[in-house]
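Consider the two complexes below, in which subunit A is the common component and subunit B and subunit C are the respective partners.
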Partner chain A sequence: MRAKDKMNYMKRILLIGIIAGLCSAVLFAENAASFNASTYKNLLLQVDQALAVLDTDVSAEYLIQKRDPGGATSTTKSTVFRRDAKNQFLVLILEPVIDKGKGYLKIGDNLWLYDPVGKTFTFTSAKERFQNSSFRNSDFEPSHLARDYEPLSAERVKLGTYDCTLLELQAVTKDAAYPKMKIWVSDDTLVRKREEYSLSGAIMRTIAIPSYQKIGNRWLPASMVIIDHLQSKKIGDKVEYERTTVTISKPSLKALPDTVYTKEYLERVAR
Partner chain B sequence: MKYKFVLVLLCLVSSFAFTQESDVDNLFSDSKDIVTQENANNNHSDLTTAFTNAPKLQFSGSFSATGGLGIGYTQWPDLSSPLKYYDGSAGATATTTLVMKAQPSSALSVYGDISTSLDTMSSTPTYSWSDLHIGSLYFDYYGIPNMGIRGGQFATAWGHGRIFTATNLMQDSASSINLRVSLPLVLQGLSLFVLANKDYFTSTPTVYEYAYAGMVDHIIGPLRITGAMRYQKKEGLGTLFSVQGTLLGVDVFADTVIRYIDTFQQPIIVGGFFKEFSHTRLYGEYQYDGSNLNAQDHSIGLVFLQKRLVSQPLDAGIKWEHTFYDNSGQLIPGFTWSGLPNITLQVALPITYGPENSRYVINNSDPGKRRIVLAIAAKIEGSF
Partner chain C sequence: MKILQLAFRNLWRHPQRTLFISSLVVIGSLFITMATAILDGATKGLETSLVGSLTGHLTLAAPTEEAYGLFGSEIPIVSDYEGIPAIDEGKRIFPLLGEIPGVSAYTSIVSCIASVSLSGFTQKSVVFGIDPATYFSVLSDIEILWGDPGELNRGGIFLNERWAKQAETQLKRPPAKGDSVVAAVASRGTFRLRTFYVAGVYRYKAPSDTLDRVVLADPTLVRSLVNYTLGNGSLATEAGLDNRADTSSGSIDDLFAVNQDIESSSTPGISLQSVESTLQDTKQRDSLVAVDHAAWSFILIRKDEHASIHKVKSALEKVLKKNNVQIRILDWYTAAGSNALMLFALKAAFNVGVLFLVLGSLMMLINSLVISVLERTGEIGTLRALGAKRFFIIRLIVMEILVMSLGSAGIGIIITKVLLHTISSVGIVLKNPLLIGLFGGALLRPQLELSFVCMFFIGILLASLVASIYPIYLALSISPREAIHEGEG
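Here is the complex of A and B:
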């Protein structure tokens, strides 16, 4: 009798498992069928539009605090001028003292680096990490998600206080910084979180943007936290990653003269 | 019981793995956006004024002093007589620099630096502070739209060589009086120069004896193309053509200088690469100097720098230069440790090789002209 009960119990468990499996398969099929790529492509366009400033310039101070795995910290303070319409930016390092006056000038796809000690410019397109932190030079640029990625899937999720759409993206242009990406887009079309992946699917960076600042009708990140999964160290029984916190202050949308985005200007202000 | 234990273990493992992820997600638990201004036209600060409207007069400066000793050999050691070529020395160098920046208006600024130094280790040692030396002194004027004018004594460098600088046609600019007119919006920047140096003139300067130069930068696709030209009556015409770009993630460049003095001279070519990883820097260069007639004057140089060795304030580096002209060269491995505020300890072992009277043996910067020397020095420096 006891053996029969046990058999019935096992059958019941099996039946529940089959039903659950069927339900999730049906739900998944429905989700896949209901996924409309063009709808989410439009969402990517709205995300780009929410963050792009095409009719004026953006100026701000960036405080970048890097914490290495294990605890060593470094801080970089810089002033950033950005012109999205022409894909240009100029970054001038204010701190630390040893790097004061170093400058970055991006024009199109090319980057000029200014060394105030040697008073020389280096032209490169190979420099990715900004001041050796997890913040990348491309992070100063406006978002081009709709141009560079296509959505593969979407689902509604909750991220802290935000109701978000979680999109899985795949790169479609060679300009895309990462082959795959997941983004959490809140209902006001702002990217709140981003996970960037390699082609093999390994996670490279996680970026959280817990708060934005609104200037007029434009949005700029107010703070960002970047976890670099490629820079890690095992501390005791825990793996620590390089963590970079970016605080953006003194935002301004005042239009700037064309001469700001020139080597001449960089040399002038870096002195 | 066993299953419970496995379950708890799994939970613990996953909690460790996702600690940092959940840390990130926790940032959103009470986050909210900031509305700084409702009206986009109101009160936008101009961050450029922090640079263009700086205080009217600023002074700053720096001080550095290095003391140390060097022990080595003027010829390769003779094992049967170990002290035969031995040479030991000790001494110190120091430099103090004062910098002045003045900004009478947002359109005009003046910059100058003066320095004094002492050196007990050079071939002509000085045991007291030298007379003040003007490093640079010039004005900048930005009152004309899209144009900058700089006049005075200042250094300009052309070409991309970090190791070999023979393609820098403006090497004498630091000791000349220069006038530079810059038009930054013409292509990627056009600069025109007039230079005056006592070596140019026979008596009262004439218009024909000044040096005239110009350089223009342009970007074509992923390449930076630079064309430059300089003319002075005695030295003739010098032209520089440079290409710089990035190949497979490595910065590469090629500079070519051709001079015309009555007839076209053979070219000087410098090519090189530069790559920087997180704490590692590697660059190398090749130079062909065609101005050296009847000689195959080829040289190579390589530099490797590693910062924060074993996560300590310890940097290591090695520099190697070699010329095939006379098979001479110099190899300099070294370490620096900067674990104390304002103090750096340096250890280097320069090795100079090649026949007597070869290029690197003659140009050996060691005052004792030692072929091999172990140099240990302490440097104290700071800015104020």
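Here is the complex of A and C:
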């Protein structure tokens, strides 16, 4: 009798186990179905396409205003010429006056710095800070999210007035500026906010793009706010971070001559 | 003489104890003298390599709150390079230096840390803009391997031999005369690039990791690189500081409260022509970047061979004070920076260790002498009963302790001398780059100075006298009657 009870008890446990297993399998299958990586990879492609200008050049004036945590503010005004189809850009500094004519030229994978006073070029990394602000040289480049990242998770969230898809991304190429990233993509496939992380998961930068400007049927950021989490200072009870505001004005999609993206042009124009 | 004989006899009566204490003193002396010899050798090596190659005996620098040497700030910098402030009063200082007795030569340099590239080889280097007419007479341990130093006033750069060899390993060819060298400095939110040409190669007499990073260059170009310019005073202009910057500090998510997207098709875009015309006018910039030819980072002073460095320094201080010149005077080790200072810190730590060792030994010596006196209570009492005066007893005990301690210390020093003679003939070969930098060369030759030996014996003498106070007190408190009574019992 006792043995029979024990047997029944075991059967019951087994049954519960099987039911629990089936339930979790169903739930897991449902989750797997709700996160379809290829769908979100597609979304990344759409994001890249919305910001890429492949059939002409982009010209604009960038005003980069940096405020140190609890300290001084500084401003750099520069002109940017960009040719996404060939992965080229040219940045010419207009202000401050002492830096007038300094240039950054990206041709393919090479980024050159030019100092008109020394009439000298040197080579640098695209990941370097631009004029020591939180803006990086790589931020002048077009978006390559679909190429450099794969989505790990996705969820629908609200960001102020925007309904967004929050994507968690992981770098898949060594060209990626950051190993991990979170992006908030609004329904018009524009990235509204970005959080960039190190490999260990520490937050490095937060970028907000609160406004875009439409030129024809193309979108360009109109303003960006960058918080650099690595540059901080405790002021009273509050931790302040370096904050850089980028205002992009006078955009133009007029085609430019090929010679613009050459060292010779840079030498000639920036005397 | 009789006292000496008695002291020897007393020590001989307890050979085990005498041998034990003597061995301790011998080992202690050996340790202290060997370590001092090694550290002195290292200091001498570092001094020889740095004074004759890098710093001179004394260095003058602009007065600032922050400590810095020839290589810049001693505070580790994480992101941005802080330049070295220029000496403003160079023109007033140079004539004064000629008046100071003991100063044999002086020169001035501009110093900066830059990323220096030769073809595909890039290395973070210390760039010294020098005056070739005077630099090599102050720093006489620098040997020119090839090239005309005069070209250092015409855009040239002299690479040091090791720098050139590192470049050669990567480029698969030695640097040649006329090769372009680009130096880049990133500082205060901007960058500056200057091109030099290879004009020669030089060698340091005692190369080290510190010296290997140095290259010598045209001072005007280095001034321009380090921003010793007429516009340097205007910080706001340089870094682009102004009041246009956004000062809002609200939450970043607040920026999305309303849709701010705009249609830009109506506004005129920027044109290539407008940018080109803006860049054509460079008058204001050119006036700001004009080099201040009188600006120097440091003045290096070499003293006469026989002049005392302290006397020269004090004369210099007096003359500068009299003429109301605000300047900072650095000793060679302060100017050389952390490497030299680390050695001095090591010496200070060692001296503290020695102090503890001496105190321990002293306690042991006192203890052993007290036991020795207590064992000889009867003998001392009998001597007193036979008419020996107090002074005789004092002399006897002091003599015993001096014979033992000075004798053992002497043996320790003789062993050290023998060991050092063997070591010094070949030297201690250092392979660790950190130690090479710290000790100023790859070959360390320890040396025992006569002055240290004298000081050491004086120290032992004083310690022995201190150690004998309590045993003497004990010995003198023994009364002859009690001692004889104790002996009978």
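Definition applied: the second predicted complex is superposed on the first by the 236 of 271 C-alpha atoms of A that agree within 3 Å, B and C clash if a C-alpha of one lies under 4 Å from a C-alpha of the other, contacts with A are read in each partner's own complex, and residues count from 1 in each chain.
Keep this in mind: contacts are C-beta pairs under 8 Å (C-beta built on N, C-alpha and C of every residue); 3 or more make two chains touch, one makes a residue touch a chain.
These figures come from a predicted structure and were not determined experimentally.
In the superposed pair of complexes, A:Lys263 makes contact with subunit B only, with no contact to subunit C.
In the superposed model, A:Asp109 lies in contact with subunit B only, and not with subunit C. Shared-chain residue A:Val117: touches subunit C; no touch with subunit B.
Touch criterion not met for A:Gln46: it reaches neither subunit B nor subunit C.
When the two complexes are overlaid on their common chain A, residue A:Ser211 makes contact with subunit B and with subunit C alike.
With both structures placed on the common chain, the touch criterion links A:Ser153 to neither subunit B nor subunit C.
Using the contact criterion defined above for the overlaid structures, shared-chain residue A:Glu95 touches subunit C, although it does not reach subunit B. In the superposition on chain A, A:Asn87 makes contact with neither subunit B nor subunit C.
Shared-chain residue A:Arg271: touches subunit B and subunit C both.
59-61, 72, 79, 81, 92, 97, 118-120, 122-123, 132, 159-162, 192-193, 206, 208, 210-216, 222, 225, 227, 240, 243, 250-254, 256, 260, 269, 271 are the residues of subunit A that lie in the contact sets of both subunit B and subunit C, per the superposition on chain A.
Interface residues of subunit C, counted against subunit A in their complex, comprise 79-80, 115, 117, 182, 184, 186, 188-195, 221, 224-225, 231, 237-247, 249, 252-265, 267-272, 275-276, 278-280, 282, 284-285, 288-289.
Residues 59-61, 63, 65-67, 72-76, 79, 81, 92, 94-102, 113-123, 131-133, 159-162, 192-193, 206, 208, 210-216, 220, 222-223, 225, 227, 231, 240, 243, 245, 250-254, 256-257, 260, 269-271 of subunit A touch subunit C in their complex.
The touching residues of subunit A, when paired with subunit B in their complex, are 59-61, 70, 72, 79, 81, 92, 97, 107-110, 118-120, 122-127, 129, 132, 159-162, 190, 192-193, 206, 208, 210-219, 222, 225, 227, 237-241, 243, 250-254, 256, 258-260, 262-265, 268-269, 271.
Within the complex formed with subunit A, the residues of subunit B that make contact are 16-17, 19-21, 24-41, 44-48, 50-52, 101, 111, 140, 142, 146, 148, 155, 157, 160, 182, 184-185, 188-189, 217, 219, 222, 224, 244-246, 249-251, 274-276, 278-279, 311, 383.
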